[in-house]
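Both of the next two complexes hold chain A, though its partner changes from chain B to chain C.
Moving on to the complex of A and B:
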């Protein structure tokens, strides 16, 4: 194995074991936190690499007039504006505690240009993307709930019960049922489906995931699986 | 690890020794503290979890040794992983790129690590088939890890020239900003195959529905149980939870890695037995309050499961 692969592997093995043990062993609690801090420092340094990549890719896209090069221009302009306004704290008043210090004010406040950009550009754009999900959910549900076979019919009926049970329509439709049959009301059936069938299935998946996480972590920590470094190399 | 613990102990001991001569008034307080029970080495509240992890580690060691001894386990066929070659082949035939999304979390998330592992496998196949792979990332560190993985895979495939670093680029940390970029890229470039392997949240459906709209073959894998229904509804193949983590071992076919999967199954069987025994004990204890044995058994099993 070359040093290029051996060094990252040993960093992962030592760091991983220390992090794991620091969750259980009292005397080394702090060491685990140190590793977490070291990760944050590395991630912060890597932001410069990310910014460099962003500039390089988008500038080359513009110079080559690739499909969507106009969007690349928008990315670069907005990136530059946000970076300059944020780093130089343009329009930010000094803090009351340190009025003589030029950069002592907080830029996150809504009255600063940086805060304005966040509040009136970032938040609406994010909300718009999130709102699109409603249409995507509708189109995905339309495909998923097509009664093609027995399983699909079961899914459709269950979804119908849960959806109706969580709206006022369900209460209106089955509200007339007497108390002794109240378990058949849509709102109660919906709770029953979610708390019994859904919880049971979900917990089974979560137990599998937890074991998968533990097994994958052990494979990496024991050096059995080194394919995360690429090349399909294992033990 | 041991050295670190020793240093920690040494520092703590040195601190106490240094304080004693300088603070004689604190001696009585120290004596009082000494009278109290000393904290144990292990955190008691996490002892059940520690025992389970130890159990998984022991099972892993046993089954890996068994697999090395010439008894590799038989693994059931996972359709999503069998379809990787088909997806890459389709992209090659159509002359369109492969899009790989390694989730939106950083490298400290095990799902991202599993996603990068899958990227390495897909990149190796893509290099062998001479297909183009693109991986926009939402974290700078993931971009670097992905570049390393793809470069190593291209080298392993004997095609170092197939590595194009600019095709693996950083976009933004912002969740929906990243979703908007990927959605737009899908619509413009129409990749023939889309892989979503990692940690996803609300953007999962945006990716999967866009991929569906352009007619791409889609393979997803995540351990976020809340996003699994969206992937199942919109993708051709989905690696559900543990299948996603088993992907690397499955694709490698190495006895060592397959042994860890067997250990995982053995632990799952043990958990199942605990759940069944606990349910029975709790039910009998509820029906027969005089049966003290079952109440105690139920309480013990609950503690053993970390409750």
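Moving on to the complex of A and C:
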């Protein structure tokens, strides 16, 4: 194994074991904390890598005049504006603690240009994107939600119970049921579906995933699985 | 049969239009009349209310805003009510965020609730916004051993170590209650896995999440999660509880979740109708009736 692969592997092995043991052995808690700090530093560096990747992908799209290259231009311009306004803290007042220091204020305040970009560009744009889902879900339900077999029928019935039980429609449709049959009211059936059937299924999935994660983590910690370093060398 | 044939070949833009109307008309109707549907709180929503209410007045509450404006339509009403109940109860609130835009949403919520309706609460003494911190679970791990190190400054740029209400806070488990409103990763699940399970029962957690996440969060209730607000429905139930307990006529900002139940009702009814019609078409096609 080359040093290029050996060093990262040993960092992962040592870091992983220290993080694992620090949860149980008090004396090495501080060392675990140092590794967590290092993780945070690497996470911050990853932001720069992400920005670099964004530039690379969109600049190449523009230079090759690919379909939708104009949108790539919009991305780059808005990225640059937000970055400059945020990094240079344009229009931000210095902090109360350090009034003489030019860049001591926080740029997230509502009255700063960065705050303005957030409030009047970011918020409506992201909210609109999310709201569009309702239209596509409605269209997809109309075209694809078919009672083709027993499983699909069960899914349809569950969907009806949850869709109606999560609104006032459930109360209107089944609110007349007497108390002894209150379990059949849509709002109660919806809670029952979520807390019994859903919980049982999801717990099974969670336990399965946890076992898989534990097994994979152990393979990485023991240096058996090295696929995370890339290059196709899994063992 | 002719109608079914027309519906079978219908352009999806008609479906978009119906959905637009199903959502827009109730919004207009509520805007004009101010009326909302009554809500009956489920045990999970009631448990959230009781977890906050049962804490002694002046308790430290950690409030993590782990979402962004994309899901604020669904989550912001519950954040507003949660912060309102904490403020009304006289708890000291520490806001944090592990999502880049969560810090701004925390600030907005503080402005709308605390600054407008609880002006006697002092920043740094009764509430503070420590803003966003990058690092996801890494931040949680650091907060487990040194909370101030994980969140070193507040939103004003003041050192957290100098903030009065944070004196005596060493670890995240020094907070008796964690409120987490989340739209994904990192969020409810990570807080449970990294913080709540490590706090050895010292810390309770209540959570709010989007409708998509709710099925994944129910397995944690009521053991790891003391209470759970699932999407706008859970928010509406909880909001009605908070409004009842505080009393008086609630201003529109404290009725947002209940106001959103009407568009949700008609949106859901349209979905049910579309699924039924879609299946009638499917079976008619299968029998060859539409040929």
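Keep in mind that, in the parts below, the second predicted complex is superposed on the first by the 217 of 235 C-alpha atoms of A that agree within 3 Å, B and C clash if a C-alpha of one lies under 4 Å from a C-alpha of the other, contacts with A are read in each partner's own complex, and residues count from 1 in each chain.
By our rule, a contact is a pair of C-beta atoms (placed from the backbone, for glycine too) under 8 Å apart; a residue touches a chain by one contact, two chains touch by 3 or more.
Bear in mind the structure is a predicted one, so any value in this text is a computation, not a measurement.
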Considering only the touch criterion stated at the top, classify A:225 as touching first (chain B), second (chain C), both, or neither. first
Contacts for A:146 in the overlay, against chain B (first) and chain C (second): which applies, first, second, both or neither? second
Given the touch rule stated above, what does A:65 touch, chain B (first), chain C (second), both, or neither? neither
Could you look at A:195 and tell me whether it touches chain B, chain C, both or neither (first, second, both, neither)? second
A:167 in the overlay: touching chain B, chain C, both, or neither? Say first, second, both or neither. second
Chain B/chain C common contact set on chain A: 23, 30, 36, 39, 43, 47, 122, 126, 129-130, 137, 139, 141, 143-144, 202, 206
Complex contact set, residues of chain C against chain A: 12, 15-16, 18-20, 23, 37-38, 40, 42-44, 68-73, 101, 103-104, 107-108, 111, 131-132, 134-136, 138-139, 141-142, 145-146, 149, 155-159, 198, 214-216, 218-219, 221, 230-231, 233, 261, 264-265, 267-272, 274-275, 277-279, 282
Applying the document's contact rule, which stretches of chain B touch chain A when the two form their complex? 1, 4-5, 8-9, 12, 39-43, 46, 49-50, 53, 56-57, 60, 64, 106-108, 110, 113-114, 116-117, 120-121, 123-124, 139-141, 143-145, 148-153, 155-156, 166, 169-171, 174-177, 179-180, 184-185, 188-189, 202, 205-206, 208-209, 212, 223, 225, 228, 230, 232-234, 240-242, 244-246, 248-249, 251-252, 254, 256-257, 260-261, 263-264, 267-268, 271
Counting only contacts in the complex, chain A reaches chain B at residues 5, 14, 17-18, 20-21, 23-28, 30-31, 36, 39, 42-43, 46-51, 53-54, 56-57, 60, 67-68, 71, 122, 125-126, 129-130, 132-133, 136-137, 139-141, 143-144, 202, 205-209, 211-220, 222, 224-225, 227-235
Given the complex, residues on chain A that touch chain C span 19, 23, 29-30, 32-33, 36-37, 39-40, 43-44, 47, 95-98, 104-106, 108-110, 115, 118, 122-124, 126-127, 129-131, 134-135, 137-139, 141-148, 156, 159-160, 163-164, 166-169, 171, 187, 191, 194-195, 198-199, 202-203, 206
